[in-house]
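Next, two complexes with chain A in common: one pairs it with chain B, the other with chain C.
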Partner chain A sequence: MKKSLIAASMLAAGMGFSTTSMAADPLKVGVLATLEGTYTALGEDGVRGLKTALAEIKNQMGGRDVELVIGPTDASPDSAVRAARKIVEQDGVDIVIGPLSGSEGIAIRDYSKTQPGVTFINGISGAQETTYVEPSENFFRFNMDGAQWSAGLGDYIYNEKGYRSIATVGEDYSFVYTQVFGLVTEFCAAGGEVTERLWVPLGTKDFGSIIAALPDDVDAIYLGLGGGDAVNFLNQYQQAGGDANLIGGTIMVDGTVLNSKGDAKNALIGTPSAGPQADTWDDPKWQAYVKSYQDTFAPEDRFPSPSLLATGYYNAGHAVAQCMDKIDGDLSDGHAGLRSCLSSLELDAPNGKITLDENRQAIGTNFVSEVVEVEGGGLATKLVSMKEGVNQTLGIDAAAFAKIGLPSRDAPECKTSY
Partner chain B sequence: MTGVAIVREYASKHPWWAAIIGFGAIVLLWMVFALWPAWLIDLIGKKKIFLSALFNGITLGGLYFLVASGFTLIFGLMRNVNLAHGSLYLLGGYVGYFVSEWTGYWLLAFPVAFIVVGFVGALMQIFVFRRMEGQDLRQTLVTIGLSIVFADLMLWSFGGDFFNISPPSWLSGPVETFFATGVKRSSGELIFMKYPVVRLAIFVASVVVGVLMWLLLNRTRVGMLIRAGVDDRDMLAATGVRIQLVFLGVFIFGAGLAGIAGVVGGTFQSVAPGEDIRFLLASLVVVIVGGMGSISGAAIGALIVGLAEQFGSVYFPTYAVVLTFLIMVLVLAFRPHGLMGSS
Partner chain C sequence: MAIVETESKIVRLDGTRQNWLEKIPAQYWVVGILLLIMPLFASDFMLFQIFGWTFILGMIALSLMFLAGYGGMVSLAQMTIAGLAGYLVAILGDSAITEISQGWPWYAAIPVALIVTALFASAIGWLAVRTDGIYTIMITLAIAAAFFYFARQNYEVFNGFSGFNSIHPPSLFGVDWRGPKAFYYLTLFWAVASYLFILYISRAPFGLALQGVRDNSRRMSALGYNVVAHRVAAYTLAAIPAGIGGILLTWQSAQISPGTVGIGPAIDVLVVAVIGGLGHPIGAFIGALIYVLLKTFSTDALIALSLSGERFRLLIGLSFLVIVFFSPDGILGLWKKFKVWQQRNPFEQSDGRDL
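Up next, the complex of A and B:
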């Protein structure tokens, strides 16, 4: 009895000491990531990216300790809103980092309008609409959208690979519409033709019939799939003896697929693709980031190198941290200082400099790459070319861009000029 | 009664239905074997696509049957809706991946998955279901809880990665079938359809499992006990049969089948978190369409759901997801106990 009393008082004293030694209350940061369903591996790596950033800044933003509150989602918009409501309205977070998937982003943009007291930094979701249509004042996106991630790919496959006609297969939702939008505008402007666009529901497992329905009179097939869907497609594609030229969507050739267990991924060797990073880029800043990611987690708990999802959450974390440091962690002005800092921030990210446009949408660098085998038997993307300063209208005049219409199953049309 | 006699009796009772079914069968056979005329290709597309959807639907149905047959057997005997059945499937997939990866023998994955998952099933039966016998709602709620716990345990130990079990080389790649899909314009030779060998193997395996199950249930003493238990388990217990042992055996068998299905699913699709819920849902739909507790119902239900998914994904992709549930609604509206269910 006496012993436990002493222990209790010592514990109390210890706690008292620790609270007085802290500069201010901890900063509560909510994280939305897909930790269930077909995008689980993607969400896990996103969280790893954010934790890498936190490890680099010793878990301090503006002199305050960071307390993470994770909101798991399953890539559906309603799961994202449910998780966001939980972390904002119940846990009372100050800042939300996320979500990960395209349609989740659109839903969270709408939700952010109902929560003016909270600042939202997009994780890595890439639907065009999220920042292009009715943008939200307190929603910031430091990653490019799916169309920007296609920049450079259309030219590359037309001019370098010599593909003249292609067909696309994609998951039936906003992010892949946006990716195909970027590809079609550039490829068709170069003179190419997109003969067919096939759409499958997100979470499709059996692609047998889709594979049989792929046209065999085109030069190459573009695959806008991700996560488990991508692995399933490749597996069944090999079993069916498929041997067409492939073109990868951004998350098709991401670390999450290239590191899956089994042989299915080998169908991707040599596949051209484009996105916000190239895994084996030799830039020192990129290499430093890769090393930081590798040092933060044990080899069995991570991918050999960070996926683009990790990079997205990493950049979002650093953007918040830099602005919190600038305003000394003071959010008492209703986040005004934080937001004006974020809007004008030039983020020196490992994958190139990132600035925001008037819709708080990233302008950044895009990378065209090809899948190669690396030492140790794994696969990774290798840089082919870079394109700097890619903005949301893809270099097209804003008025002309607005006329193309929003990305959808069959928009944009395949035309030689827009 | 022989098959011919059944057909004769049905034809004399329902002449119109028999005529329609017979006509449908002839049209289907013609579509499978004949070379399609141009107007038909204009109407519904290439024959290759139709034939692939048909084959894929049947093979996918084979996989669904493997999962759902254990589910329906357990329900039929114990009146126990095991909502952790999908977790058993997923566990089988993971076990299968590691066994085939470590030993290099794909075939070895099947018995090991059967034993390991069957053992987990035995533990569930002994420690959970036996303690709350006859309390259907409680059992159902506990299995939901178990499925969540299993899902998180598996996510914790295997991570969120995608595992894809590689079939041995003699099963990978396509094989040329004897179904002609077209004629080469240049030489006039017939073009034959190519089809993945592994899917054919899966289909054959599920037919073999189905036939063995039917023989076990209808031709052996154990099967007699199980059938008696399905009809009236209290009466069976009263005749001195050790019903708990029968329950345990059926549970192990049903769970083991789910484990085997996990290996099959991991081979031609992939193993990952979330698959448990998907296959639980698929087996629920299959069993509701086919009739709870009926093995032949599970076979028919699996075939219908598999075909609906594949034809839906090719001919009306936007509404493919709805199609399966539409079938379920129709069946429930006209035959509330399922196609082969007894009221």
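Up next, the complex of A and C:
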């Protein structure tokens, strides 16, 4: 009783203290994350990433307390816009961080144009169109798109692994089109051949027909699946006795899949992939971030190390925080100061330096890695090569890049030069 | 004052018709005026998102209520019918997918969309009316699932997973119909029109015959009614509010994709109709309001109780369970129970006998 009284009075004193020192109103930050459907585990880790960033900065941005408002979505554009509308128009947030999934990103970019008074920082959605076609003035993306996340992979599998022909299996939507786009342009330019591209609907449970349709005269099969779909595919692929060489898409070999239950994921050991991070990278900044994530959450409430979803939301949170500190939390100029700061920010992120181009799209570092077993029996990705300064046109001349066309089910064609 | 009252009574005793205004019950006045002046005090978010969505979902649930309540046919394909109308407006009218969208003007695209939708609904009806009860549910669910997968995998017409975006209502009379107030009145108008339409049909000879078919189809066919034609016509009529709702839904989110017509949304329409109550057309709108409020605010409610906001689906499910548990007839059933309870004479047993 006495103890709780003391604790209560301390709490009251602390609160009194914080209110007197805090002249400004709290800063309302909305978060869009997939908390329903096949990408639930991914959305949860994204929110953890943002909370890690907030814990590091003691929940303060520009001298203002941060109040998080969560908008749950189910990876469909409808749900993203509904959730965004609710947190912007009802809860009155100043800044939106999110969304997570490709097609959501395109819908939120369109929505951001109708809300000039709010600044949108992409969570981790990676469709190319979001910032490449009709970009929005108040939509910033501090993560690279799906094609940039493939940078380095095509060269690696052609030159190091010696694969000459591959087939792809991917979820049938914008993010995976973008990923395959990045792989195909690089792999074909190196001299490789993509014989077949198979597409499955997002949220597929039964992969039987796809597994039967996989060609067996190719050197390797690229898997562009994520979340529950990836785990389901691997389970069924193993039961069907599949033993082809695999190549992983970015979210195929992410912590969300590598830490799933069951042993189907072991089929991924040795699989090369590329993405914006490598779990076991020994860079001190990366290690510090991993530790910070581990310290913020109890082991049963998190993955052993942060997934790239967490990293995306973490970086978005830090980008906002750094700029809010710079402008002392003052948004009274209609966010002009915040936006000019964000546009010119060089974010010293745990996964390499990130700057924005004129479309407010990230230019950053990409990591090619392989899946390895780590101590304690888990799986993680181990760095094999890095590619710095990857821009949205993948180093291709802007005019030539525009000619390739937007990523789709069968674009781009497999050619040796673009 | 008193004189006026006696006068009006005399008029009624004379047997002359009441003025049509007098026939409107008091609660209609209250609700009607409240809805009309809503934009004076409600925020844009409330108008556009909460009420706009309520009216739209109410219209789609209304079409199910009409079939299930008056026709005894539970159709899970109503969301599909609404979605088809939305898709057709995107395909025939304007959208960001210019390779597919035909760019017809609204006065051509909307009527054609509604007519095609009505024909599609009649075809569904023609298939489904040969069955009864649970088999109707299965057939219509199968149609809904088939339409969903077809739309998701067809790229020539339905543009696959991404569907269509940037579908905006026509700017008639210089009004931006997607502005919160304009959209509120637009959806309110069509919701009221659909409500009155269904109410009228339910009391017209067609609706009465339909209720006869529901209660005893053999007797009705013995009386010379064509039972199958009646039921198919009910599907066609029900497609009108659903189709209008589908078009408004497409305008509201400015896009339509297979997610809009998925199996989840199809079942949500049934949930809306059942929690509202199938006994009266107003039930569809009450159910829709409850559904929309729960869907929008359940995360906040959980966080307010300092629980994890990620479990918002659980709260929605539990609320529906509670409503249906306490009143199998939905909210309307609760209202009826309340009225009975109010009129109960404490000196009488529940069956009306004296103690």
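The rule is simple: the second predicted complex is superposed on the first by the 397 of 418 C-alpha atoms of A that agree within 3 Å, B and C clash if a C-alpha of one lies under 4 Å from a C-alpha of the other, contacts with A are read in each partner's own complex, and residues count from 1 in each chain.
Throughout what follows, contacts are C-beta pairs under 8 Å (C-beta built on N, C-alpha and C of every residue); 3 or more make two chains touch, one makes a residue touch a chain.
The structure presented is a predicted model; accordingly, all values stated were derived computationally and were not measured.
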item: Three-chain arrangement built on chain A, chain B and chain C clash or fit; value: clash
item: Contacts of A:Asp78 with chain B and chain C, given as first, second, both or neither; value: second
item: Partner chain in contact with A:Asp206 - chain B first, chain C second, else both or neither; value: first
item: First (chain B), second (chain C), both or neither touched by A:Leu35; value: both
item: Touching partner for A:Ile106 - first (chain B), second (chain C), both, neither; value: second
item: When both partners are placed on the shared chain, which of chain B and chain C touches more of chain A; value: B
item: Chain B versus chain C as contact partner of A:Lys86, first or second or both or neither; value: second
item: Which of chain B and chain C A:Glu44 touches, first, second, both or neither; value: both
item: Which superposed partner A:Gly241 touches (first chain B, second chain C, both, neither); value: first
item: Touched partner set for A:Asp172, first chain B, second chain C, both or neither; value: both
item: Selected from 133-141, 169-177, 205-213 or 277-285: the stretch of chain C that, after superposition, runs into chain B; value: 133-141
item: Touching both chain C and chain B, counted on chain A across the two superposed complexes; value: 35-36, 44, 74, 172, 201
item: Partner chain C, residues of chain A touching it in the complex; value: 35-36, 44, 70-72, 74, 76-79, 81-82, 85-86, 89-90, 103, 106-107, 110, 172-174, 201-202, 409
item: Contacting residues of chain A [partner chain B, same complex]; value: 35-38, 40-41, 43-44, 74, 172, 198-201, 203-206, 208-213, 227-228, 231-232, 235-236, 238-241, 257, 259-264
item: Contacting residues of chain C [partner chain A, same complex]; value: 43-46, 48-49, 149, 152-153, 155, 160-162, 165-166, 253-255, 257, 259-260, 296, 299, 303, 309-310, 312-313
item: Chain B residues touching chain A - in the complex, by the definition given at the top; value: 45, 48-49, 51-53, 55-57, 59-60, 97, 101, 155, 159-167, 172-174, 194-199, 268-270, 272-275, 278, 309-311, 313-314, 317-318, 320-321
